[in-house]
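Common to both upcoming complexes is chain A, partnered first by chain B, then by chain C.
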Partner chain A sequence: MKQTTSAKRPLGSLRSFVTTQPIWAILAFIFVVASIAERDFLSLSNLSNILLQSALNGMLAIGMTFLMINGFFDLSVGTVMGFAAALTIGLQPHGMAVAILGALGAGLAVGAINGFFVTKVKINAFVVTLASFIGMRGLIFIYTQERSIVGQIDGFAVFGASKLLGLPTLAVIMLAILALAEFVLRKTGHGRNTYAIGGNAEAARNAGIPVERTNFINFLLCGLGAAVGGVFIASRMNAAMPTLGWPDTNLIIIATVALGGTKLRGGFGSMINTLGGLLALGIIRNSMDLLNVPSFFNRLSMGIILMLVVYADAKFKPVSR
Partner chain B sequence: MKRNPGFLAILTALLLVGGLVFAGGAKETSAAAEGALTIGYAVFNVGVDSYETYHNEHFKMECDKLGVNLIQLDAQGNVTRQIDQVENLMQKKPDVIVIWPVHGKAIVPVVKKAHDAGFKIVIANSPIDESGFDYIVAYAGPDNEKEGRDAAEMMIDAFKKRGVTGQKKIVELMGLPGYVTAIQRSEGFQEVIKQHSDFTLLATEPTDWNREKATRAMEDLLVRYQDLQGVYVADDNLGIGALNALKEAGRAKDVIMTSACIFGEGYDAMKEGYMHGTCYQYSGLDAINTVQVAVKVAKGEDVPFLSMFDSPKVTPENMDKFKRPEY
Partner chain C sequence: MKGALSKAANIAKQQGILLAFICLLLLFSLTSDVFLTYKNITLVLRQISIWGVIACGMTFVIIGGNWDLSVGSLTSLTTVVVITLHDKIGPVPAMIVAVLVGLISGVISGYLVGFQKLNSLIITLGMLGVLQAITLIYTGGKYSRILNPDDTWFSFIGRGFLWGVPFPVILLVVIGVIFAILLSRTVYGRRVMAVGGNPVASKYTGIRESLVVMSTFMLTGIATGIGGIMLGSRMMAAQNYIGEGYEFQVITGVILGGTSLTGGEGNIFKSIIGIVIIGMLNNWFILMGMQYYYQWTAQWVIILAVVWLDVAAKRGKMLG
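Presenting the complex of A and B:
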């Protein structure tokens, strides 16, 4: 279990902290520069907006972090989110509870299908989730009949815009779930197993860890996270359109998690790291809008920072193995 | 190993500072005098077609002419991005917020949020859902429903001129589902067609305002309905796409096409006899109208709730009265 210690002691020593998880230094830097360059950045309402705008990606990233630490990734999160959003809107005539449960159920179902094909049928996760990704897009178009759909329960939009403890409700929910997920990662058997399998699946199996079951559960969690994200986006608009989650939401989520320092090969990472990646991207998006920078610079800077993080990853192996 | 953290930090610093200095430079060029009005503009998708690109250029030109600051954020057709952008515009505290909505209904919650926070909002070019009308000051744009109705009338006239008798079968290529302009142009058209029992609307296909999609949709329709005689397109951009399919099938001269909005290439197509009616919704006028309405709203002056500009009918008979649009 020693290989998980570096993830559990992020404040080991400042230098090793900065080098093994450069996202925090980058985040601090971005924050400072944004505050200087744009006077409207540091207002409470703006910071609150950044959290709200990050809540959607945050939910998807939480699910993805479980999977990536486990050594997999899921390309279907974008369209699962879109389908969940469509269900949350489309099922409203049956009541809000049915709509939300339906959406979450769909996320779990796709997670189960992905998990089944990867763990039981032993097909590569890239191929399986790519198939779900494309299949779900088709399903969204069929369900919405190629039109955008609008919700009838106005209370749902009110919920989406509401505040809890002074912050946007959606952000509070996301942060609470993130904290819970971090707890699961650090303190539960499932969390330890996830790290172990991601680090070395064969050794984990030999040590008696239930590999297939753990993997399957993480695919479920990823699908569920995407579905919650779908509920969030539906509540901000009280509408859903067939194009939600297409084309590259999945890659942005993977980038967000990788940006935070979770390695693509597995065995290393944490939810707190993912939060760092999430906030960094959220601040960049926000400050570019405030500075009136054309939208495509967002992607460019995301690419640059991702390269820096990957560079740091290649230069500094995680402490202890 | 020891040098690397520093190297990493310096590299990050250089790239980000470079990026942000560039950004600061971009901001400088659009700033007018202190104390000038500021328009915060959340636009649908500047690059989606030539109408919108041209509109955008004229929007900026009119702002410069009136000495107004412009902060513009392009959602690139992404509805969630636009919601975030409206929220970010609110942080800049502009004197008026102009929104060209990606989705007429999905934007309503954030419009309400901006209204409740005390901002004045003008909707540009594509109306928002009626449920949002309480939260905006004005809509500045074309009368899309009238354009749809005019296009229907022009189609009926074109068939009459040709002396076609019997049941007339037509199809429709509409714009982007959920986009109010597309919905209004479609409903306006269908409203008039319904009143004429000798016309049958066989099918309506969405095209997302994309020319290639229009071509594919037209090809499908030609296969499905071998006996179709007319096609109504939501704008000339789609019309050219449909025309490509019609020409390939050898049916360009016998199928009657009308459109709700003119583009330069559609004007040419009308000269060649392929287009039988369109509406002169001039992109430049649209932009100038919107800026002027926005400035009036920012100053607190009264404006009509529906500040719509005229888009008269253009037919092969009267087309010489109109200048060919540059876009």
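Presenting the complex of A and C:
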């Protein structure tokens, strides 16, 4: 049905593309405005800088996209990221592999705790993840003794600053993982189950989909994504501060995924669109820095964008899936 | 015998938070000599009085089936407003403006959640960023203070004592009683419970759900405005992030107080007990010589444990 109308009217297909995937129109608009407003924006080093920034948030956003399509939120990603970064730096005396595995293990453990309490004990996800957010903040402070810690392995910092195929290595890794995540969402049973549960959990249960297991896995993925983001940040700075990830990161990540068009009620969304949201927010942030806008306007814009996106989300129903 | 046992179990189910409160009180008094002294108790109560006032409003929002994450930023804003305006227009007008700022913020969140039916979690998360930014824009990032703190009666609200009781604690009791009467003795309170408990049914009984939801946010805004006044009066100065993280303390207290996480039930008195428990816990950690940040991780464990016991008691088994 939709295909025939598209074939007849190219303009109609463009319109349906814009209404179902508005993020790409938004991104193009922001890109044009940023290039006009600031000459330095279009330089290669600046664009690669935006990609690198997006890589750090991107790992958190990938995990959050799984969870939001599933119909949940995770408010703990900010401090999970911070704790993972602290472990990545602090465990370096035991070797780089131990440090990274320790960080990823911690992310998985928090994801498992969140997932257990939401799917098995059946406590509201908001309460569970908010509690984890505070608790992990405490763990970061306990682990770092309230101090900034600095890494000892220089090669790790060199890796964080390195380039692959002309792009920042971290951005290349993030894009590869994002592509893999998109594949999992579209082509595997787990992905299809995630959409089905987010769309209608009761119907999914009646259809024999393992609802609890799928939810649990998505909480794990979200914790793991946050931990990878922490490893990225640690490698970028070769240091970790106890305040990493507090208090704005959750706001930014949820805004990113929602701006990408993932429905807040679940059941609709994609990784590619999350990438659009990432780049859009990355460009906004970057141009504000270039234009020397005070950093609190960044917070203001994140808040307003999030509220506008929720408004649009509620008022404009997706035309098709 | 069996009847008495099930009766005891029932009381534990209904009054779990009070039992937890008494047990913790015993534990803390036995492990620390200082804990149960007049000085320490008044210290704890003065610290929690601001959270307690905000929790009164938050209880209404959560009973109505929503969340308000913006109260921390709103506390920062109202505190900064009352401090900066105190020297310019006098204490009483400054306090009125602070409460109005709280009310306006509540109207905005409440309108978006109540009338536009938007997700309260996301809307107030957005408001958290917006209000913090407004605070910074308003002060230009500068530290604000009252120039002559000794020449004004304003400091009495946060620092004064009446009959040996800290004035902010008296304020908390008065506001708690007003909110408790509003919740349990008025038609309005019953409507809030009905909207939170069963929105569809309440709609068919003719309750204007949108307005009721909006009003709960307005109450929280007013309570946060009062909280900002109390905080400003205690500090007589304000930095821009002074209320950061308050939302976590307040929401944790209300949750510990047993307000239903899906809406429909709650009790102002128990919310305040929940807040007192957090205050005692923070205080005890410091008395035991531990760093202040241990309390955050302890809160994690306590929230999960209390909510788990609560839901397990309600459905009669540990896992759902």
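Criterion: the second predicted complex is superposed on the first by the 300 of 321 C-alpha atoms of A that agree within 3 Å, B and C clash if a C-alpha of one lies under 4 Å from a C-alpha of the other, contacts with A are read in each partner's own complex, and residues count from 1 in each chain.
Methods note: a contact is a pair of C-beta atoms (placed from the backbone, for glycine too) under 8 Å apart; a residue touches a chain by one contact, two chains touch by 3 or more.
Values in this document were obtained by computation on a predicted structure and should not be read as measured data.
When the shared chain is aligned, no partner comes close enough to touch A:200: not chain B, not chain C. Contacts of A:304 after superposition: both chain B and chain C are touched. Of the two partner chains, chain C is the only one that A:141 touches; chain B does not reach it. After overlaying the two complexes on the shared chain, residue contacts for A:254 are found with chain C alone; chain B is out of touch. Contact with chain B, but none with chain C, is seen for A:43 once the two complexes are overlaid on the shared chain. In the superposition on chain A, A:237 makes contact with chain B only, while chain C stays out of contact range. Once the two complexes are overlaid on the shared chain, A:56 sits against chain B while remaining clear of chain C.
When the two complexes are superposed on chain A, the residues of chain A that touch both chain B and chain C are 146, 294, 297, 300, 304-305, 311.
Residues 67, 112, 116-119, 121-123, 125-130, 132-134, 136-137, 141, 244-245, 248, 251-252, 255, 261-262, 291, 293-301, 303-304, 307-308, 311-312, 318-320 of chain C are the ones that touch chain A when the two sit in their complex. By the touch rule above, chain A contacts chain C in their complex via residues 73, 117, 120-124, 126-128, 130-139, 141-142, 146, 247-248, 250-251, 254-255, 258, 264, 294, 296-297, 299-300, 302-307, 310-311, 314.
Residue ranges on chain B touching chain A, taken from their complex, read 1, 4-5, 8-9, 11-13, 15-17, 19-20, 22-24, 26-27, 30, 71-76, 79-81, 83-85, 87-93, 103, 105-110, 112-113, 129, 177-178, 206.
In the complex of the two chains, the chain A residues touching chain B come out as 15, 18-19, 22, 25-26, 29-30, 33, 37, 40, 43, 45-46, 49, 52-53, 56, 146-148, 150, 157, 160-161, 233, 236-239, 241-242, 244, 285-295, 297, 300-301, 304-305, 308, 311-312, 315-316.
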